[in-house]
Every structure is written in structure tokens, then in C-alpha cells.
């Protein structure tokens, strides 16, 4: 059975249909890419899947339960976390603190407990910090634990956001253009990191522009164009799909 | 209640409402250009009255000169405030700019106390004389002036926005500042002029109302809340909606007077909270969705 | 040693020195006037601790904190005059203020920035109106007179020294609890909401719930300060709970630095003492003192503007960079650690 199932998702903004009756399945333990030209509806689909937008029609099912329309924090609690196209880090906090915030759903201390330092608070804090350091190691940022997020270079910020998402102990990670703005070396490092994360048992859905990265890491690809799904399949098939080539060639020609 | 009493309340409502409308216009114009709510807007109103009184009594200028001088001086203060305190942080988070204008409000009120003292200062009516009887009610001559000022202001703004290059630039900034800048519009100049214009309108309201209420250094904050309530009623978008919001607020205030005159002062606040909580986009605008 | 490490030690030393000074002061200084001023400083510190959590940490501005101050003061004053024991009156005052916070928090949650600023300002002014108009409870503009001093059982805090110690004991508890909050999970959630609300939601933070919580806490602390104030002065009137006071509280937090409890406390102490400068620095020329007092509000306003323009991280940010520079001279950067 699939881990995540998208059925007939439609989302309109005013007169524009950003996502039009899109369905696909994500299986556990895979890296699944969602690609498509600019304005294809990829980010909107992500927003719908993570509760940041409500769909006009369709359902999102995670592990057999409907999560459509749930608040974002509830969806995180179920084990689905996301990153953003424009990283949404806490710039005034350190890298370590960012990951600690990411662990919010895995920790319990509330206002009263923290204020009175009730029994267990210290232990939880210590464990959380150890775990946060481990997450930073996964993405190769352990050296930067004390750096202020706002001062970090772009490539590190992308990785930090992934570490923060890992903090929630997710079953499924949705990454929105994680390679945007990265150079070749950083992209290669990112691919390595994604595979390492998948190998720990986390399923990954990635919206991405960088075709090299997508073809390199994905097990399965969904192609959107103008809000509709136009193709679906493993990388080798997608590369040869005439509909995909047409959609992309159009864009490449414009870009060139 | 007799119709003449009712009419009298309506007249008073439209008179006060016109003042709120001028303040609401000031809020709206600055907000359109900068996305900043200028908490010092009420101080421009206070300073307008103050400078007019000062020019009239100390310098002995005739009112016909004292009034424009006061408005121009305050417009200059508005421009200066923008240059010195807003522009250096224009890209900061909105919170920082709010706080700066709050600081400006404290400073303006306090400086006014040093300059003009802490007494209430009167100004004669523009055209002294008995009230004009109208269908059993009476209209103060000054109220006619206030309405005239609002009409001329609306006409002037309509002309500015519709027929001039500057107005088109201001409208473009209102739609999308970044796009306007890319189109080659000098947005910094638009922001500066918007502050000057808003200050001038605030001052005009202050000058026009001082003959009826006199003025004091600490009246700015109170009137700013009412002007903001009017602006919020209008939805902080179109100037005409701001004027409508002002007039409506003035009428609502009068509507509670038959029940309790003490309530009049709290009505604007209640309206403000009700609109903020229930219809933050204002009465006249369709709901707008912020994109993720 | 790393900058954070050095900072923690410096902070501990500073706190210890302050604590000793506060305890020793009544035994050293005979002047009761100074004690009274410092008691007011303590009350303001409690007030600002609440606003610091709400505004300094969570980034939710409130221009209506004076309302909670008033709710606390009037409620406990009214109850105490009716013969209710002080501790019960205190709980009542804090509870009513916290309820007021809940009342304004619920509808305000959708509002941001200037909308929230105006909503809280409007709430503050409406409460001021009620303080003035509900004469049977509040005494109207004449105020509520004859509020008995605080007492716990037979222990009565009637003398200036006793009141001073009571207020500062509460200050110590409040600051300790608040410091614990900001160092742990809930404090990080507050700063996350300030940093990026969507980012916080993506981390699984129920931002609505956390915002309500911090609004209520900050209102409760405002109420607590109000309770102490009412029983300290013995008289409360609407003229204390004005917009002006709310604005000064915001100035204190901004001067101290967003996201810093210690900074907010420093800002409070400095700005509260400003009009009483003559009592703190004896021998100042009379004219200087008079000018400073006359220009207090101009200085508050200017401080707000200048801090926002040139020192957006406030006193705390300035202290941090100072310590960081010292540490850099000491040794190379050590990985790990965090910012206090």
C-alpha cells in the first residue's frame, strides 16, 4: 500500500486553476520527484499536502488516514514535514536552536514545566540537544551548531532547513526545491544527503528544477504542467516521454 | 425624537466625520505608499492647530495666511520625519517602523508642549458669525468650512490620482511597490510626497477644527485612533472609501448620543475592534487572501 | 573560552551582583525616597517581563499592556477592600487580567503588525474608559482609595522596607521563571513564531495555541504588577493606566533588545530611573535635573526612534557584540553552544 496518496487534488486562486485534478501515490522508502515548468503548480500541490492551503477538491491520504484540510502542525505530528522554496529558518536563532525547534513535536515541555523546571525537563533538554547535534551531523553542519542561521551562507541554510525537518522525526519529508541556488558541488552533496536520509527509512518527495539532481536521486517522477499531471514513471521513462519533452523544450527554448 | 433634533445629530456627525475622513486619508495615503501605519498621524493634526494658533496670535498673521502657513510647515515636518526616521529603515520589518512612528508621536507631542505650553489654545472661526438655521437645526459656519475642505481635498486627490504623472506613480506604488520601482518610478520620492501630503491633510483637519474645540499638545493620540478606525472602516485602500469610513464613523458616534453621551468616546474604539476582528479588509472591499 | 560560555559567566556574575545590591540596599541607604523609586522599578520590571515574552520573544506587539496592569490593580484593590485576604485578592487580580488577555488574544490572533498594534491599543483605551465610567467599582476618575497594604496571614507589608522586599521577592521569582521558560522548548517556540510564523507551523508548532498562551501569561504578569502597585500605593486611579504607560513599556523592551529578558530589565531600570535621576546620582545640578525631568517624554520617544534606527538589537545586542569581541581576543571560536 502506498504511504501517501493524492487523489484528484484541485486548487484555484481566483480564476486561475493552479492544480487541476492531480493524483499520484508515494511509496515508502522511495525518493519521489515532482517536476514541471515554472507555474506548473508544484508548490501549490505541496502547500495542499502540508496543510498550508486547503484544496477546492480532492483528498490527501497519509498511512490510510485522510489529512486533507488539517492544520499544518497536526500534519507534522503525523510525521509529514516540509521545507520551503524560500527557506523559512529562524534567522535570529542558532543552527542548533533551529533544529531544536524542529524537534517541537517530539518534545513535551510546556510553559509551566519549563518555568518550574519540573522533573524530566533537564533530561529532555539534554537528550534533545544530543539528538539535534546528530541531525546536524546528518547534513554535515555539526561544525556550525553555534552559528546564527541568518549569517549562514545560502547552501548551508538549505541543509539546515533539512536538518530542522529531520528534527521532527518524520516518516515523510517534502522538500520544495532544495537545490535552488546551490552550486554543482553543493548539489552533489545534497544528493548524497538525500540518499543517506532515505536509507534511514525516511520517504522523500522533492519538488525540483535541477534535472540532474532529479534524474540522479529519484526512484519515481511525477510531471506537472499547467496544473495537470502529464506523466508519471521512473526517470529513464520520463526522460523519453514525448509530452514531458514538449513541455520542457518549450520552457528551455524560452529560457535560452 | 423630533426631526430637527435628528437633523442636528446628522449635521454634527457629518462635521466630526469629515475630520475623521481627513485623518483617514492621511493614514491611507501613507499606508498605500509604504505599508506603514503612521502612529504619528494624530500629531500632525495637533501641530496643524498649534502652528495656526501660533502664527495668528504671536505673529499676528491674518487667518487667511496663518492657515496655509501652518499646513505647509506641518507638511514639511512630515517630509522631514520620513527622511530622518523612516527612510533609513524603510526595508525593516513592519514592527520596527510601527515603533518608529510611535516614538515620533511621543516626540512630537512632547516638543509641542515645550514650544506651545500645556494649555488649550483657541483660534477664531474662519468666518465668525451666528450659526445658519437649516430646517429647524443649526449649522455652524465653521462646519461649512470643514465640509468645503473635505470636498476640495477629495476633488484635488481625484485630480491628482487621475490626471497627473505623480498621481499615476502613487497609484502604481499602491498596487505593487516593487513593480513600480522596476517600471522606473522613483518610489522614494513617492513615499516622501505621501508623508508630506498625509501630514498636510492632518494639519488641515487640525486647523479647521481648532476654532470649535481649541487645541492642546496631547490631543494627537486620541484623534489618531478615531482616524485609524475610519481608515480601517474604509479598508485602507481607496481614498474615497477612507472618506466614507470617516463620515460613517462620525454618524455612528452621534447615533449613540441619545442613549449615553459618555459612550460617544468609546464608540470609535468599539467600531475599530469590531472591524479589525470581523472584517479586517474593511467594509467596502472583498476579502483578500495572502499568498503563501 | 567560547563567546556563549563567557557570556553565561558574565551574566551569572552580573545577576549575583544585582541580587546582593538589591538585598543590601535597604540596610545601607537610609533614604526612603530611593526605596520607593526602586519599588516602582521592581513593579515595572514585572510588567516588562510579561511584555518581553509577548513582544520581545514572540514578536506580538501590544500597545495595551496598561489595561492588564489596571485590571490587576482594580480587582485586587476592590477585593481587598471588601475584606478578602490579600493572597486571594492577588489571585483574583492576576486571574481577571489573564482573562482579559484571553479575551483580546482570541480575536486578535489573525491580526499582525499594525493591525495587532491598533487592536491592543483600542482594547487598552476601552478598558481605560471602563475604569473611569464604572464608578461603583473603581471610584471613577477619583480612583479607588484606601487599599490595604499586602499581607500574608499576620505578616503585613506596611513599611517602605517591607514593601520593597515584597516587590523584589516577586521580581526574583518572576524573572527566574521567565528565564527558565525562554531557555527551554516554549521559549524557542516563541522566538520561532517571531522569526517565521510559517516556519514555526512547519515545525509542528501550534502557533495559535502558543500565541494565546503567551498573551495570557503576559496579561497575567501585567495583572500581578498591577496588584503589587495597588497595595503598594494604596490608591489607584485611571490616570495610571494610560496609553502613555503602555508606550513606555514598549520603549523599555525595545531599548533592552527584542528577545532578551536581561536587556528588557536593563531598559526598564534605565528608563524608570530617568525622571528620578536626582535621587540616584546625588549632587547633580538642579537645573540639569529639572531639564531632564521636563524632557523625559522627548527622551523616551527619541530613544525609541534612535534604538530602532541605529541599535535594532538594543542594549542586549550591544552587550553581546561586546562580549563576542572580548572572547575573540581570548581564543578561537569553539563549535557548539547557543545564544542565551
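For this structure, a couple of remarks:
Lettered A, B and C in written order, each chain numbered from 1.
One rule holds for everything that comes next: a contact is a pair of C-beta atoms (placed from the backbone, for glycine too) under 8 Å apart; a residue touches a chain by one contact, two chains touch by 3 or more.
Everything quoted here is computed from the prediction, not taken from an experiment.
Using CA-based centroids throughout, the chain positioned farthest away from chain B is A. Central chain by Cα centroid: C, whose mean Cα position is closest to the mean of all protein Cα atoms. The distance from the centre of chain A to the centre of chain C, each centre being the mean of the chain's C-alpha atoms, comes to 40 Å.
For this pair, chain A with chain B, the centres built from the Cα atoms lie 48 Å apart.
Chain geometry summary: the mean Cα position of chain B and that of chain C are 33 Å apart. Among all residues of chain C, those that touch two or more other chains are 198.
Multi-chain contact residues, meaning those touching two or more other chains, occur in chain B at positions 292.
Residues of chain A found to touch two or more other chains are 52. Remark: chain A residues 50, 52, 71-73, 76-77, 81-84, 88-94, 96-97, 100-102, 104-105, 107-111, 113-117, 121, 124-125, 128, 133, 142-146, 148, 164-165, 167-168 touch chain C in the complex. Here chain B touches chain C in the complex through residues 36-37, 39, 85, 88-89, 92, 94-96, 98-100, 102-111, 113-114, 221, 225, 228-229, 232, 262, 265-266, 269-270, 272-273, 276-277, 280, 292, going by the rule given at the top.
Residues of chain C touching chain B in their complex: 59, 61, 63, 107-108, 110-115, 117-119, 121-123, 125-126, 129, 133, 198, 243, 247, 250-251, 254, 294-295, 297-298, 300-305, 308-309, 312.
Chain contact summary for the complex, chain C toward chain A: residues 2, 4, 177-178, 180-181, 183-189, 191-192, 194-196, 198-207, 213, 217, 259, 333-339.
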